[in-house]
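Two complexes come next, and they have one chain in common, chain A, joined by chain B in the first and chain C in the second.
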Partner chain A sequence: MSNREGAAFVPQIPYGTRDFLPREAWRKRKVENTLAATFANWGYEEVVTPTYEYLAVFGEGGLDAVDQVFKFFDRSNRTLVLRPDMTTPIARLSGTRFREETAPLKFFYLANVFRYEDAQAGRQCEFYQAGVELLGESSPVADAEVIALAVEALRAAGLQSFQISIGQADFLRSLIGEIGLDEQQAEELRHLLVSKDMVGLVNLLESALLSRDLKDRVKHVLLTNGKAELLKEAKALAGSEASRKAIENLETIYSLLKAHGVDEFVSFDLGLVRDFDYYTGMVFEGYTPGLGFPVCGGGRYDKLLEAFGRSQPATGFALGVDRLLMALEKQDKTLVKPPAPTIVAWEDGAQEKAIRLAASLRAAGKAVLVQTAPSAKPAAGMAEDGEYIFVEK
Partner chain B sequence: MRQELTIALPKGKLFDKAAGMLKKVGFEAEGLSESSRKLVIANEELAIRFIITKTMDLPTYVEYGAADIGIIGKDVLAEEKKNVYELLDLGFGRCRMMLAVPEAMRREKLTDYAHLRVATKFPHVAEQFFRRAGIQVEIIKLNGSIELAPMVGLSELIVDLVETGRTLKENKLVEIAEIQVSTARFIANRASYKMKYDRISRLVEALRQECGG
Partner chain C sequence: MSNREGAAFVPQIPYGTRDFLPREAWRKRKVENTLAATFANWGYEEVVTPTYEYLAVFGEGGLDAVDQVFKFFDRSNRTLVLRPDMTTPIARLSGTRFREETAPLKFFYLANVFRYEDAQAGRQCEFYQAGVELLGESSPVADAEVIALAVEALRAAGLQSFQISIGQADFLRSLIGEIGLDEQQAEELRHLLVSKDMVGLVNLLESALLSRDLKDRVKHVLLTNGKAELLKEAKALAGSEASRKAIENLETIYSLLKAHGVDEFVSFDLGLVRDFDYYTGMVFEGYTPGLGFPVCGGGRYDKLLEAFGRSQPATGFALGVDRLLMALEKQDKTLVKPPAPTIVAWEDGAQEKAIRLAASLRAAGKAVLVQTAPSAKPAAGMAEDGEYIFVEK
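Then we have the complex of A and B:
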């Protein structure tokens, strides 16, 4: 179609942002309400932090990708950043406002966060997260709780098909040291695991390790996904106190997950590496069909809070609300559209009567839309029902 | 639990070998051929279906989960940089990605080629190669017949795939650097690999035996 008036001005929205139209906004609200109720049900309290903070705060958090954050300046030229995650602001809170509180602290949040990303479906530069942080408790009971809560939150939101993979940052770190990789090889290995390049990983191990037996066992433990059996094999491979302890930690978590009744949703993947550097123990990611990236992820980060003046262990997870909505669109048909309100129409002169009727219906708990202009009386065939009421003078 | 698998295969030179190797390990469907008019070919009995995609699009199908697994060249994977599991090197479809220049324009060192124009189908791989070498060049993305570009003065250099080297010779081009060696890879969607781990990992193992690794 040609445009004879010339090209009309079409305002654009910035790269990596999106609008939520009524149906989408309704679905988002509904899912977020469910998540918030689930977190509250487990004794977590909501916190809200500023949308932007000083860059230094995130520097403390060990943010390795400073070029991935949106930066700007305040009036005295201090660098501000739009929060790239919520874990660091909550760590800052606990080190300042909650310095005197006794542990453990249990917080949850629903927030938009910002990162430069190659935008695509389910991955925007501004995206929405829901998550929890459990601060001041180092026991596997805390780790198992956040994993079980992640499962529960996904289920409550209506997701039917998903899988949680659990790894151990400490185990991987110790193992890399024990098998004798140099620093460059260790960095390469980490990179290959993050990019899921298992061909590159096998090639690296083949060229870096000496003994045939060790090569095969390391490959097996890093590449296999499994349950109790895999942990047993990993324990046999563990060559130090640290790596053995890391596996025992997962064994305890696994038996607690059985008590939570969620063990069918989890498996172990000891090659799992998260993209934030601050993890120190158990790490996990949740996957669901049709999404190329995790729908949720988290883990233990015992060193992060130290940077904020209160050294204490912590664990938690974040869930991508946009990604969850995408997955639900495919799996849960009940979230299609909001219920339609009752429409109250009126003929000229009956507006006040209509307004009073609407008020009484709303008081009775109905959603009511009052038309803002008079209508003609409907034809005889068009019966009044619960969805359409015509008010006469 | 029956785990249905959608397998993506690329049109072009990898197709026959990829389909043949899958057939050897029991993954086949009636009427599966590159010239098939059907876009989706299913084998209900085995709970698998094949989709045939354009080569450069294949990683996208797998990243989004439209296909659970696929077979594709490392050259395409390196160029497309998608979030997928790269699980196995299948060994076939071997070719090298080369930097080449017309014989008459050959220079002594790689750095002598700075600030020239490079025609390629693989702009990301080419860009990364020159960035690592610390050389600034102008990359020109083309969709085929790359050898033509230096002949008509569109570019001075080309980055292209070479199997035998015959095309280069015929067009009086010489290799000046090897950028990467590419072979066919078995890839999987990140979620599918977790959700359908049993079936996919069994398939990977069978293929590993088949290609003697």
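Then we have the complex of A and C:
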């Protein structure tokens, strides 16, 4: 099964994937372990699920973009899917292995996920996520905790400049109903918000049959980033119990975020729409300068677990590990790299002596690389940035 | 795309895959980090490659069992394969990103790999490997290093009882030629060795046209585990330069393993055959009591890199993380589990106070789980195995 034609076989890697070379892999492991330790420090427990699931699992999970998943078949011709997210597999897990558990579950994961995308820096077909899911609790205490934990995780990883925008899926849904947009306009509004097309959005609202005053207030509430004052204006605009409650939910979350000491990192963006359909309440995204994509995002999804036989509210977030690494690299121009081991070189015949020396140095806590071939005795100053030891016979 | 029929959707996980629940995931992360630290301590650097590769890559790698790989297609209809091992992707990496590098490369990885198998405990379709590859060095110093590192990795992970068997692919190939088996008998011998069918092997040798004395010596050399004495007997049996050199190679490796201080963990098994075709010299496997499969295995593969434009010798090994976890579990009957966090519970109205307390405890280095719903004030002695703090208004 060789496909070589002549001697010119140059192996490629698949579209939208990447290799992590040593320095990159070292940074990845370091950041992932920091994130894992942070999640564990908040009482979250790690779970690991298979890389692929039966397609039906994601059918239940309400994945819209079926053509965005990698599909293949098992030997019984059942369709398998490389997981496009971890929220759905964890919902599946909670509905099977934790079906009888009544207490809230706090899980975290570090996992690769897969989506057909037009690949670019920060958007790959295989990418790495770190995230948490808090299952079985509907209170704003849970929502505030996952937002605060996202802030804490980004800080622990060393990210210096970032901002979390918080929206409310219920509020937006209600508001769209209340301001009398027809179905087509409502759908268009949602699209414009997803693509953050502010000009299109203003044009749409201008063309809607709303009073001047209402137009201005809706525009302001959907297009402005703000804190307590914005929530107050949104509540004044709310025309139903549902939309008012949605804003009160954010007010409670905001006061809890103050208790968490992270309110300086958050603001509200009531036009925020997430790319998965399953969100039902608070939603949020994190941004950092110079990165064209959110570095993290999440929200409340109270309907997803129902499909897996465990009808419970849930909230959580995922953080893009590749994106976080990119942002950290941009932030810190100095070349961060792993500590260099002590190099043990040896002249021919001294290999066993060198090996014994290395073993004793390692036993004393040093990282030691033994050269695998003999060297000529060096002139002084061979070591680049680690220690260099030459072993003679 | 819902496949629910009635309300009876019970989600399953794909054949041959598994979920790691919190305690299992914690043990996995712990062991994997120990292995990563051990490899780094020997001067090996981590690399991460995509979960899937183009089929052509494994074609070059000489994968025999094409029907054992999971295949699917990208949008340009090129065939993709979930990686069945990590040795081939690292060979691919070394032939592309490290083509110009002249010094030996020392890489390690922790990765999941995928093979269609008849699943059973210790043999899954998705499983986890930790391993090293030492590229660009043909000397026994390199072979001894990877064997010693395998021993060190198993010890660092906490495995108390294990044994490494070392064979030699060159010796076996030469011996089969020398003792005058016909092609069919040679193929059968190889099969019997792979399946460790000792009875079949004895029968085959009995039926071969060999002298009584030669039969006995071949049987003894192929079926006995031994140390220096066995190598001496094998050398006496060697009928060619190639088979004699192959044994001398093992003798050198053995004296280097003594320098590494790991000779008590190794013995020689000259009938050892590994399941990948690409091995060309020393091969080895590690066994631990109560596990029906090797816990690690590897060897020298001097031809594989040639296909990727970097014609260099190489040696390495892979360790089965799932198998290692099974062996550790059998060895240590006590239920090893992660440290329990301090639980912070609170009465209604005290949530912000509880959150602030948790933040200050975490700042002081404690792991803290804040309950997400209010509790009634407890009677004494609520905590199971961690600290329990109840916050009043």
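As a working rule, the second predicted complex is superposed on the first by the 375 of 393 C-alpha atoms of A that agree within 3 Å, B and C clash if a C-alpha of one lies under 4 Å from a C-alpha of the other, contacts with A are read in each partner's own complex, and residues count from 1 in each chain.
Here is the rule we go by: a contact is a pair of C-beta atoms (placed from the backbone, for glycine too) under 8 Å apart; a residue touches a chain by one contact, two chains touch by 3 or more.
Just so you know, these numbers come straight off a predicted model, no measurement behind them.
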{"item": "First (chain B), second (chain C), both or neither touched by A:K106", "value": "second"}
{"item": "Chain B or chain C, by number of chain A residues touched", "value": "C"}
{"item": "Partner chain in contact with A:V199 - chain B first, chain C second, else both or neither", "value": "first"}
{"item": "Touched partner set for A:S267, first chain B, second chain C, both or neither", "value": "first"}
{"item": "Contacts of A:A56 with chain B and chain C, given as first, second, both or neither", "value": "second"}
{"item": "Partner chain in contact with A:E306 - chain B first, chain C second, else both or neither", "value": "neither"}
{"item": "Touching partner for A:S161 - first (chain B), second (chain C), both, neither", "value": "first"}
{"item": "Which superposed partner A:G292 touches (first chain B, second chain C, both, neither)", "value": "first"}
{"item": "Touching partner for A:N225 - first (chain B), second (chain C), both, neither", "value": "first"}
{"item": "Interfacial residue positions of chain B with respect to chain A in the complex", "value": "63-65, 82-89, 185, 189-192, 194-195, 197, 201"}
{"item": "Interfacial residue positions of chain C with respect to chain A in the complex", "value": "1-4, 9-15, 17-22, 24-26, 28-29, 33, 36, 40-43, 45-57, 59-60, 63, 66, 70-72, 74-76, 78, 80, 82, 92-93, 95-97, 104, 106-107, 112, 114, 116, 126, 134, 137, 139, 141-142, 144-145, 148, 255-256, 258-261, 307-309, 338, 341, 343, 351-353, 355-356, 359, 362, 367-373"}
{"item": "Residues of chain A touching chain B in the complex", "value": "121, 161-163, 165, 196-200, 224-225, 267, 269, 287-294"}
